[in-house]
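Starting off with a structure, shown below.
By letter and in written order, the chains are A, B and C; residue numbering begins at 1 in each of them.
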Amino acid sequence: MKKTWKIVGRHIVLAVLAIIWLIPVFWLVVTTFGVEKGINTNHFFPEHWTLANYHQLFFEPDAAANFPAWFKNSMIIGVFSCLVSSIFVIMTAYAFSFIEFKGRKKLMSFSLILGMFPGVLSMIAMYFILKMLGLTDSVVGLIILYSGASGLGYLILKGFFDTIPTSLHEAAKLEGASEATIFAKIVVPLSKPMIVYTVINSFLNPWMDFVMVRLMIKSKNAADWTMALGLFNLLQRALVNQYFAYFCCGGLMIAVPISILFIIMQKFYVEGVTGGAVKG
Amino acid sequence: MKKIGNYFKDFGLAIAHGDIWVKLSLIIMGAGYFGRKQIMRGILMTLLQVGVLASIFGVFAPYMSKLNTLGTVQREEVFDIVTMKKTVNNYDNSLLILLYGIIGILVIIAFIALYIGNIKATYRIQKMQENGEKLNTFLDDLTSFKNERFHITLLTLPSLGVILINIIPILFMVCIAFTNYDENHQPPTYLFTWVGIKNFVNLFTTSQTITFGYAFVRVLIWTLIWAVLATATTFLGGILLAQFINHEDTKFKGMWRTLFVITIGIPQFVTLLLISKMFGDNGIVNTFCSNVGILDFFKNIGLLNAGDSFIPFLSRPGWAHVTIILVNIWVGIPYQMLVATGILMNIPSDQIESAKIDGANKFQIFWKITMPYVMFITGPSLIQSVIGNINNFNVIYLLTYNYKTTNMAMANSHANEVDLLITWLFRLTNEYSNFKMASVIGIVTFVVCAALSLLTFSRMIGGDKEGVYR
Amino acid sequence: MKRKLVSALLVSTMVATAFVGCGSAAEETTDSAATETTEEGASSDDAIANLIASTEGTVNIDLWCSETEEYQTVMKKLCDDFAAQYPDVDLNITLGAVSEADMKDRVLEDVEAAADVFVFPDDQLEALVKAGALNEVAAQYTYDMNETDTAATVEAGQYNGKQYGYPFTASNGYFLYYDKNQLSDEDVASWEALTAKAEELGKEVGCETANGWYLYGFFKGAGCNLTENEDQSNNCDWNNETGLAAAESLQKIASSKAYKSYGNDDLLANLNDGKVVAYVSGTWNVNAFSEAYGDGYAATKLPTFEVNGEAKQMASYSGYKFVGVNAYAENTGWSMLLAEYLTNATSQEAVYEATGEGPSNTEALAKASSPALDALAAQSEFAELQRVGGNYWTPAESLGKNILEGKVSQKVLDDAVAGITQPVE
């Protein structure tokens, strides 16, 4: 009996926490259905309900707001930088975790230090480097920008690789497998959950950045912007009163692919468990 | 020192004892390989040499020659009102001179290293040939990148990316700190030039009007407090939540996880903006608090003055600091929960089983087994996340972009109490074009971070800890 | 009909417009000493004909202006009309959407990549000129702004005696919106009456006090001064006795429960909820106020407030928008012609029709009438041109916040003045 109460209590605590976490999201959702286009900080629920905002979002692009184009641009940039940067992170983490080469520790310390320099400061320099390469205003330029330095984010994956027994590695070597084979056939499959985490993180970064992209995209044609840039732009004083509901709709729609990603990711956790069992 | 000495000694020896092919390599870098019938290698090396030299002389040299002054010719234009055409002189652009100059220097350094390495390599091959050892074919070379030189294969591209996106911009901004690049010296129309350490002196000076020193100390302290608190709270919170959800008694684990994870799906600038509206002086939370009497309660216990008509969640120091930390917990825990879940799933179950058999209770298991394991994997990345939080632009900027300080000394250097160094920097560059001071602040931040983390990091990866769980 | 080339620049056909570094002596102004020489053959039509003759291929011009739908539509139409005027030239004008408040930042990020022609508010003029981003208006070809616009307007587009902006609108200042169904003329005459009445009604009135742009109105109205020196530092005497009295008076007004200092978002939210019955704002909010107040919609000059027992008229900054040509524009000639076209009388009328913003062209302004523009006109005699160094804003904002929190003291004013007047290196 006591046990039942404990279980119920546990779920009540979880429910309360979940509500706290979901209130702003809930507000976002109800705002998207409001007739009022501007921001309203006094009411939680809109006074009149409508679906017009969604119609505007998908079918009525104008000079300031062009959600379908933004979605497409962000998707392209997101997918490619995600590919490149996940590969970079995995490669770096593997090299630092499994290969004993000269200067490894020094390189690791150096890479850690590099990550400490405030990125906001180097934006201008990055912009002019891209300009030198003729890549401003191009998708390629943004992909380079988002994925170029991603190798520095190897630490957590390396930490995970460090738990994979060296015996596995050595045994494979004795059987004549090259480092490349071990990497592709043994280590990567074993680390799926962590790799999925890495992949999602690499996707989120370009998907949500609004600071850097503002400097890098010079085009002022709304159809050339990314999602984050476009949505953030709607918060300008001249626009917010007309587009706040639109902004909320857009924000909610961005969440859809991400949420799907996370739901898929849950599956990998289960595999992570079995992976651990084999290993243990 | 001795290492460097040896480095050049070997180089000298290689030239002195090398045969004609090695000596030819001094001019044509591929020569040493052509002589030993390693044609592909030779061609590649020569092409590389030609390419690099062409870029140095063709692109970078004109800029590098002006590095000492950063340019002397200011832009001048003449507009002919009859033809309506404009002619412009051939002017210098300090910013490009500095940037291209830096890249040029890097290219030259890399080329010299390559050059010396190349001579040594050709000499080594000569030795191998003399001793009758088998020389690598081009195919052998390629295979080696899959095996003993696999790390080079893995690290080359990521390193290039880091150099391009990270190192060059950092060097550039470090240099800016020693120039007078500000509102009155903006390229391309105007030139900026070197001013030595004047900007650093400014940062540590405090007078009634120059308050950078005053503001800097306060901003730095809050930045450090924020970074540590933000990291610690979300990290612990994330693990606890993950544990809580993973507990055997919890039903619908996937559903609970999904509920929390939904908040990650929505971009931070959307949620944070909404939250900053909700907690605004006239926001919905304040309306609610004054309706149910929380406002009066705070007044009664002395947290607010009698005259206050709202709770200054995000508009008064102290209040704002607490709100920011709490909101960050809201933002950060779902992420951390995900990481922790992934890791907790992989805890070697035998350890927990044996601990249970030994009669350890849950609390002990958590602190003695779970935590060390989690710390082992995430430890180094924890430092990274402290640093990430020092440079956490989004949360602070989006929550407090409307914050106004009442502290005049802070205001006089465009700072406020809830600014992190990074948001202060951002404002200095973005709104006041004060790049020189921003760079100085950036460097000092960087030094502080580097010192702190090198200390802890060498502990984390020092010793033999890396192999503990293998 | 051949129009004479405007201004004296024909004396020498070429004018070196070397960008003079800050602080160095400003060159003699060429505009004011205009001796209109009537050289035969050097007319504006010839210049334009020269330009057309020497133009080959497509002329690409980027134009950045406000991102609102009304603006984009009307500007698009004006650009098309402009292109239609020159059928022999292949003009390709691209419109870009940039918030006017951010125009300076967006342009200065990379001047060379910025638009050839852009619309900006007058407070950004100084920063743009200092960065060398604006092309000097060396001559005008289709109209003379000295004839079509008031001297004050033209002057607002000048810096160090040189003309940089083509006057576009003259309605970027602030005034008082109110609901005449709830407030009488006497109520909106002074802040004291206004707050008293609002308290009685249980409604809200106010002005964004923690913002240097509005705060200036109170101190200037009380008789204090804020001026800019040549090196972009400020002179400010707000810490004298009058300043302290003004600050204390404002603090007293602000202590009223009805007085609010809302940012724009909060203002609009509370306006839509029917809480705000009078507020200091500008033409950018004209639709919001007219919708919220319905037939009670009204606007007037700013109220007075009491300093040392004397009613003082609150002053304000007048505000203009200009069209500027980028100093790095690819086709300077065509960009200048486009800028002129966008700012001529007919274009300004079209912009007024579309956006409700008041024309700077006196002829076009005469045809325009709305409560907001009338209020601006009434306020105009108390409005000053905004000329203030960059160090003003943050300390002023902080001073405003101190006033709102009831922390006014001689020391706060002294510190604020020290910050506002801090030297510029």
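To be clear about the criterion, contacts are C-beta pairs under 8 Å (C-beta built on N, C-alpha and C of every residue); 3 or more make two chains touch, one makes a residue touch a chain.
The shown structure was predicted, so the numbers you read here are calculated from the model rather than taken from an experiment.
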- Draw the chains as points, connect those that touch, then say whether the picture is a line, ring, star, complete or other. complete
- Given the two chain pairs A-B and B-C, which is bridged by the higher number of C-beta pairs in contact? A-B
- Message: With centres defined as the mean C-alpha position, give me the chain B-chain C separation in Å.
- Response: 40
- Between chain A and chain B, what is the gap in Å from one C-alpha centre to the other? 17
- Message: Can you list every residue of chain C that touches 2 or more other chains, as numbers and ranges?
- Response: 265-266, 269-270
- Hey, what residues on chain A touch two or more of the other chains? 39, 41-43
- What residues in chain B touch two or more of the other chains? 277, 280, 282
- Query: Which part of chain C faces chain A closely enough to touch in the complex?
  - Reply: 62, 64, 66-69, 72-73, 94-102, 106, 109-110, 113-115, 264-266, 268-270, 272-273, 284, 288
- Residues of chain B touching chain C in their complex? 74-86, 180, 182-184, 186, 188-190, 208-211, 277, 280-282, 307, 309, 402, 404-412, 414, 430-433
- In the complex formed with chain C, which residues of chain A make contact? 36, 38-43, 62-64, 127, 131, 136, 215, 218-222, 233, 236-242
- Message: Taking the touch rule as given, give the residues of chain A at its contact with chain B in the complex, in rising order.
- Response: 6-7, 10-11, 13-14, 17-18, 20-22, 24-25, 27-28, 39, 41-44, 88, 91-92, 94-95, 99, 101, 105, 107-109, 111-126, 128-129, 132, 144-145, 147-153, 155-156, 158-160, 162-167, 178-180, 183, 193-194, 197, 204, 207-208, 210-211, 228, 231-232, 235, 247-248, 251-252, 254-256, 258-259, 262-263, 265-266, 269, 272-273, 275-277, 279-280
- Message: If we count contacts the way the header does, which residues on chain C are in touch with chain B in the complex?
- Response: 5, 9-10, 13-19, 21-22, 42, 46-48, 50-51, 54, 105, 108, 111-112, 127, 130-133, 135-136, 138-139, 141, 210, 232, 255, 257, 260, 262-263, 265-266, 269-270, 327-328, 332-333, 336-337, 390-391, 394-395, 397-402, 405-407, 412, 415-416, 418-419, 421-425
